[in-house]
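Note that chain A is present in both complexes that follow, paired respectively with chain B and with chain C.
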Partner chain A sequence: MAGFANLFYNTFVRRNSVYVTAIFGSAFAFGVGFDTAVTSVWDKWNQGKQWKDIRDKYIQDEE
Partner chain B sequence: MAALFATKKAFTAPPTVRTLASGVPSAPLINLAARDLHGAEHHGHGAAGPRSDTPAKFSGGLSNTPNGVVSKRYANAPTTGVFQQRYMHTSVPARDAPKVPNFGAYEAKDPSTNRALSYFMIGSLGVLSASAAKSTVTEFLATMSASADVLALAKVEVELASIPEGKNVIIKWRGKPVFIRHRTQDEISEAKSTDWKGLRDPESDESRTKKPEWLVMLGVCTHLGCVPIGEAGDYGGWFCPCHGSHYDISGRIRKGPAPLNLEVPQYDFTEGDSKLIVG
Partner chain C sequence: MLFRLPASSLKSVHSLKDVAANSSRLVARRTPVRFASSSSASSTVKSVLDSRAALASAAIATVGSIAWYTHLYGTLPFVGQVHANSPAEEGLHPPQYPWSHNGWLDSYDHASIRRGYQVYREVCAACHSLDRIAWRNLVGVSHTADEAKAMAEEVEYEDGPNDQGEMFQRPGKLSDYLPPPYPNEEAARASNQGALPPDLSLITKARHSGPDYVFALLTGYRDPPAGFEIREGMNYNPYFPGNAISMARVLFDELVEYEDGTPATTSQLAKDVVTFLNWAAEPEHDERKKAGIKAVILFSSLTLISLYVKRFKWSVIKNRKIFYNPPVDKTH
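Up next, the complex of A and B:
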């Protein structure tokens, strides 16, 4: 545990430029991941109710 | 009262318990042999005998007389005739500072872990704050863009099956004419084979069309905004009657005063390429 903690400290925290860059990079990744997660939860919750789920029923007849 | 006191072996009372009729304070039955104050190591029991912190007998002291407690002090200790045995001092020295408990069990085994955890928590808070700030800004900017219903009204759908090959269709989109041409194979090969690098506004045919058989352009002459005429001009494309600009079959300016090619709007094919959506 101490080795991991020291690795984290020496890799990210020792230089402030690296620390801030890592924070902004993580914020970007976090934003993308958060959006994806929330969208997937939303789609799962509303499964069968959205247009993309029921589109087949209505478009098949026309083609 | 005396009978009650007699049942007790030792009794420590305040020095004055009552006042005699003469006004002299009286403290009968006071125990002058109170034990020493000791710590918890002897469960509150000090060593037997007089208190060690009382003045030595040769300097005077308290004595209990029938007339009450009498205190004597000798200004000068006798120089001879007094012999004192000195014993090794064994009483526990009084601590002048309060006893501090040992917090060793609660201290960190390894300070580097705590340091890394602190920085990790700081960084995590920074990540959350940065995401919150970013989404605040983007959501605020999104409120300035056109809403979905306005955008939906600003689009035009065209049924592509109704346009035969080699025909032009002009539709109205946001108040401007849009040319849609279903090009023949000859026209496509002609548009592609043109040496476009030497043109006034060099653009390849591939960059102007998403599918080579469908050419979609804004029907506004780039010179002064007239509407060009289709299937006319020296290059088989469009011709602007106002000042004589000639556009080729890819809508590129070839001759005349216009400085730029006919503009290509945003468009997309949907529903299995049977429909074209401009906007």
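Up next, the complex of A and C:
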């Protein structure tokens, strides 16, 4: 545990530029990941009900 | 309940008590070393009844049953109420229907919205406007952009002024709003014996019980009961406040031919059009529920983290013991 804490400190916290970048980067990554996860659960729960599930029936090919 | 019991039964209760008391005395005599609280059964029962948990659960049960009763019957139990309105004037309360978008995680059934738009267009739109919905709102919800454009172009809109300062007619665009059936309120009243067909954009938000009410109203037409006077041109509907509504029953089996082959029964038509109207009133519904799920997950985990951090930080303070070491007298 201490080894991990030291590694974490030395990698991310030692320099403020790296620290701030890591915070912003991880916030962005978490936002994208969380949104993807919630959306996939939502889509699974509402399978067949949403517009994107039925739009194939109505879309006409642009020839 | 006790009044119904014969008097002799009370005697047996007494004798039961005596037996219990005797046995506890016996137990107490046999094990004189045990603590008073655990030696007799009756005092154990007493301590359980006196406990905070018992008090809290009794309070929760009381409040919960009153809340449940009030929710179920609409009034507080044992409290009389006086209404100026008769139940007929208020209208029959509609039952709760299992809408496909009822649950916390449920989106609209968009196929139903599409069918509901067809019902609105072919039936309701003859009298009811839908002012707040534009053709573009249908795109990506119930119709493709091409379909919505084609439907908009079938309607003529007044635009202008042009170079000569005159208004002109042009085919509709996606940004135009759905055309109203009447140019103004007076025209609408004149065509409907003085009754104004309400705009349907927000109708499920504007009525008590929302979609349940609209569905019950649309499917609730029947013959008036004996003795109910109904004026010429009015129709009987138990769900409508006052029970006499100007709108006649409009939905009948096979009135509309669905393009996806769904059997067009009266209740199916009503369900679809109510789903469509619910969407028209709450187009943000799907996104709102999705954002709600995210918010619940994030805020509950943040709450748990903050509770943990608080306990962690306070543990040192909460667990310390303070000792007093009196100064030792070193003189002798």
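Operating definition for what follows: the second predicted complex is superposed on the first by the 54 of 63 C-alpha atoms of A that agree within 3 Å, B and C clash if a C-alpha of one lies under 4 Å from a C-alpha of the other, contacts with A are read in each partner's own complex, and residues count from 1 in each chain.
The definition used in the following text is that contacts are C-beta pairs under 8 Å (C-beta built on N, C-alpha and C of every residue); 3 or more make two chains touch, one makes a residue touch a chain.
Note that the structure is predicted; figures quoted are calculated from it, not measured.
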| item | value |
| --- | --- |
| Touching partner for A:W51 - first (chain B), second (chain C), both, neither | second |
| First, second, both or neither for A:Y19, with chain B first and chain C second | first |
| First (chain B), second (chain C), both or neither touched by A:T39 | second |
| Touching partner for A:N6 - first (chain B), second (chain C), both, neither | first |
| Partner chain(s) touched by A:A27 [first = chain B, second = chain C, both, neither] | first |
| Doubly contacted chain A residues - partners chain C and chain B | 34, 59 |
| Partner chain B, residues of chain A touching it in the complex | 1-2, 4-6, 8-9, 12-13, 19-20, 22-24, 26-27, 30-31, 34, 59, 63 |
| Contact set on chain A toward chain C in their complex | 34-35, 38-39, 41-42, 45-46, 49-51, 53-55, 57-60 |
| Contact footprint of chain A on chain B as seen in their complex | 110, 112-113, 115-117, 119-120, 123, 126-128, 130-131, 134-135, 271-272 |
| Partner chain A, residues of chain C touching it in the complex | 100, 105-111, 114, 140-144, 146-147, 260, 286, 290, 293-294, 297-298 |
